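Two complexes, one shared chain (chain A), two partners (chain B, chain C).
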Partner chain A sequence: MRSDTTPAIQLVGLQKNFGSTVAVDNLDLEIRQGEFFSMLGPSGSGKTTVLRLIAGFETVSAGQVFLDGQDVTKSAPFDRDVNTVFQDYALFPHMNVIENVAYGLRVRGVGKAERLAAANEALATVQLSALATRKPSELSGGQRQRVALARAIVVRPKVLLLDEPLGALDLKLREQMQIELKDLQRKLGITFIFVTHDQEEALTLSDRVAVFNNGRIEQLGTPRQLYEEPASAFVAGFVGTSNIFATTEAKALVGATSAVSIRPERLQLTKTASVDAGAMSLPGRVTEVIYLGAAARVIVSCQGIPITVLYQFEAGPTPERDSEVFVTLRQADLVSLGN
Partner chain B sequence: MRISNSAKWVLGVITGVVLLFIYLPLLVVLANSFNANKNMVWPPPALTTDWWGKAFRSLGLWEAVATSIEVAVASTLIALVLGTLVAMALSRYKFFGRQVVSLLVVLPIALPGIVTGIALNNAFRTILGLQLTMGTVIVAHATFCVVTVYNNVMARLSRMNPNLQDASADLGAGLWTTFRLVTFPQLRSALFAGGLLAFGLSFDEIIVTTFTAGNGVVTLPIWIYNNMFRPGQAPVVNVVAVVLVLSSMIPIYFAQRVSAVQDA
Partner chain C sequence: MAKKLGARSRPDTGLSSARLVSSYLFPRPKTRLALLLAAPVTWLVLIYIVALVALLVTAFWSVDSFTGEIHMTWSLDNLKQVFTQALYRTVTFRTVGIALLVTVIDLLVALPIAFFMAKIAKARSQRIMVILILMPLWASYLVKAYAWRSVLSHDGILQWLLQPFGLGTPGYGLAGIVITQAYIWLPYVILPIFAGLERVSNTLLEASSDLGAKSLTTIRLVVAPLLLPAIIAASIFSFSLTLGDYITVNIVGGPNQMLGNLVYTNVGAANNLPLASAIALVPVAIMFAYLALVRKTGALENL
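After this line comes the complex of A and B, so read on.
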């Protein structure tokens, strides 16, 4: 039955209503074996609900959940071969670290010596061996995060579900854990489904990303596809920063017939209008210069419409406020967003 | 908070008077248990340990103590099981009438004992057609013992992370295993505190007991009440009172230790 082409997770017509609110709206999705898959979206977009439906904490209103080709729609959480890393970690406060990690094996009836050995190995994977006898309350946020990870991977699930696992960590630690997560996923070779509202995190870690909005997937693709070819104004605005022009603005500025977006780093500031084929220059006035270190974010007003340009310093002297400039772009870099 | 010296002095005196008012009568009881005069003349003309000997040789007294403990243990056990179940159901599920059920569960502790007593007496004898026995006392006590367990467990559950039970199920534990390994350990001290209160409520209950106890079922409070005004028995009652004061210090000590551990 199972082969590498069988999706790790397949969602068919998935629907979840809370009263009159539609949290997940007729969702179809396939997640491949061994994939690092992210569900990205603002809070309330339905991504966490999808995760809880896959784990079995919520029952579906309609549709089916397949795990490794098997219909688990009606299975209880303890009958599904997936494990969850919770946003608040949900470590058992009355058990120490090693007991927490060994829990999944204990309830499966694995003998004490064997389960402690496996738990120790999992703890070593997340570099936490030294803290095996601590209580969760004696650990820092990052350490709890690692215990939660170890506890979930010790039972070797087919799929690991991660619900904003890095949300509670500070920036430095988060960046470090991102690298470790990616590393861990490669080492274990299991499918990771990662829920986040942090687009940078999703882009950095994932093989593929689904962008959620209002219980639906706005766009599904590789990080590069999402970034370079956003399918809608929502995706263009949510993934990275974009200049998004509504149809009337697009018409006035670049003569396009639909809404378009363009990334700030694809724009250049020039003193004169470009004459190159395929390029166009828009005259404007600098209204704001924000120093970013490696570059500057320059806001230029063209026909009263603000355009953000990421300005690299090597390209010449920093433009000054109120100076007259041209915003030059290649028409190929314009992404049509449809109507 | 800083308070002036005169305020400190006044508050100190008030506190002292209140404590004196509570504990002086208990000390009088203690003294009277050694009072050689059987009419308890004050001050005691002479001291004796006769009453203590008499108390310990009184068969009726010992039987009453045993009955009370039996009733209290049984009704506490019933309360622990039912109170926990109700609290878990009401905290986990939202359903129509949830508030009403919650109110109805808590109500018995606010009802006057005389009402509960008459109501249960009628229900047992005329509607259910039962003989009043020790069993009817146990059931009657359980109606209000449930409340203390329910309140304690409810408070604990509301502070407990609901993800813990999800996490346990996620890791492969069935419902019973999750309760045994995750939920129950979280509830343990709440059950202890609730059970202790329930035991105490049952142990000194007299009104409901009077209406629901069968012939020959004599709990300690009833025994004391019966003997208080019998000639020559009052000093023995004093002995029982002293022993009860001393033994009630034990659960209070434990209860305070449990809450101290939780605050730490």
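After this line comes the complex of A and C, so read on.
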């Protein structure tokens, strides 16, 4: 019945209203088998609500949810073959680590010896075997995170839902967990749906990313597509840093007919105007130089419009504040944002 | 300029007596602790422990049946009487039975109400329900007991309501006591359970359901173990409050007596304070036994 072309998750006309607030607005989305899929957006953009609708914690206002080709719109969470890693981990405080991990098997009626063996294996996968008899209150944040992961994967769900799972960890630990998550997903081969507001996290981890805004998907694509060809000013601004020029500014600066964006690293500072074909140079004055270590962020005012340039030090002498420079760009690097 | 700033950032010292006291106490944590605890500890020792010890001691004295004067000589006669005479045994079992029944009824009523308040009701209706549950506590205990007397009477509202179904009011007796006590102590049972349920986070219930547990399994494996300390606290309220009651019994109990009535008659009409003390030790002993049992089950370890 199911083949590899059946989407792991298919959302059709999904709608969720809380009173008069529209949290998810007529959403269509297909998530492929074995994909690391991220839902990226600011808080209140509807991404967590979509996750909760897939898990079954919320009921839809309209539309359908298909899991592996089957309509689960009306199914209870315990009848859906998906599992969630919660933002606050939601470990059972009265059970120790191994009991927490074995819980999903216990409620399915798996025998004690068998479920403990499976739980131990899952704990080994997240490198926590040594802490099996600890209570959750005796663990650090990173360790709790791993227990929550082990508890969710021990029942072999078709899809794993992760709700900002790294949000509460500090930067170093977060980077380490990102690598482990990606590793785990490759090893298990199951579909991961990852909710985050951290664009860098979404870009580094995902096969595909959906950028959410106001209950809708602004753009869906690979990290590279989102970064290099943002479809709207919102995406250009939310994913990485961009110079975004509204239509009037774009017209004045580069003669474009619609709003455009360009990444700071695609701009160069030159002492003279470029004469290359396909290139153009805008005269301006340096207003700010921010040292970043490997590079500097230089802000140049061109016709009163601030333009951010990522300046690599090997590309010539450091620009001085108030010096007159040219911002040189290739017209092919300009991304039209429509209107 | 510098002088002016200095004067502003460091206000005059030595002028205010509150400041003098504060700076005296600041480096003396033990004195501070003593001041903080002096009043409550005095209260506890004088009013609570001394009274309890006096009760214990009095139980070993006796009364001259002719003059009615208390003899302060040690004897086990009172305790022997309480433990051997059929009257006291019957009343003790009756009292414990009523207290248990009241506790069970209150728990059965309180659990769904508390669950609704903590997990289903919206913030606004939750506030309204808390107020509604606290409201009966503003009325006097006596007023409530007499209200039930009128409800339970043979021309009362209960009779009128049940008559069409071929039933009638239970009247004044053990059933009346249980109903009235269950009503009066209900808020004391709902509130701890409500507070306990509020501490069981919703994501724990979601996680359990997410991992495949149906509602009853979630209640058994997640809610019940986490709620047990609150349920025990609630049961201690209804159980011990019923155990010591004697007013409701007089008002809606018909001819029945509970331990409290025996204490009351021995203090008053019979003028036998030592025997009253001996009887009063029975509920104290029962509560100690109950608490020891609770401790032994380890239910309080998850607090």
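Basically, the second predicted complex is superposed on the first by the 339 of 339 C-alpha atoms of A that agree within 3 Å, B and C clash if a C-alpha of one lies under 4 Å from a C-alpha of the other, contacts with A are read in each partner's own complex, and residues count from 1 in each chain.
The definition used in the following text is that contacts are C-beta pairs under 8 Å (C-beta built on N, C-alpha and C of every residue); 3 or more make two chains touch, one makes a residue touch a chain.
Given the structure is predicted, the values throughout are model-derived calculations rather than measurements.
On the superposed chain A, the positions of chain B and chain C overlap enough to count as a clash. Of the two partner chains placed around the shared chain by superposition, neither chain B nor chain C is touched by A:Q268.
Judged by the touch definition given at the top, the superposed model places A:Q143 against neither chain B nor chain C.
In the superposed model, A:T49 lies in contact with neither chain B nor chain C.
Shared-chain residue A:T125: touches no atom of chain B or chain C.
Comparing the two complexes, residues 55-57, 76-78, 82-84, 86, 88, 90-94, 103-104, 106-108, 151-152, 155 of chain A contact chain B in one case and chain C in the other. Note for the complex: chain A touches chain C at residues 55-57, 76-78, 82-84, 86, 88, 90-94, 103-104, 106-108, 151-152, 155. The residues of chain C lying in touch with chain A in their complex are 201, 203-204, 206-214, 217, 221-222, 225-226, 302.
Partner chain A is touched in their complex by these residues of chain B: 161, 163-164, 166-174, 177, 181-182, 185-186.
Within the complex, the chain A residues that touch chain B are 55-57, 76-78, 82-84, 86, 88, 90-94, 103-104, 106-108, 151-152, 155.
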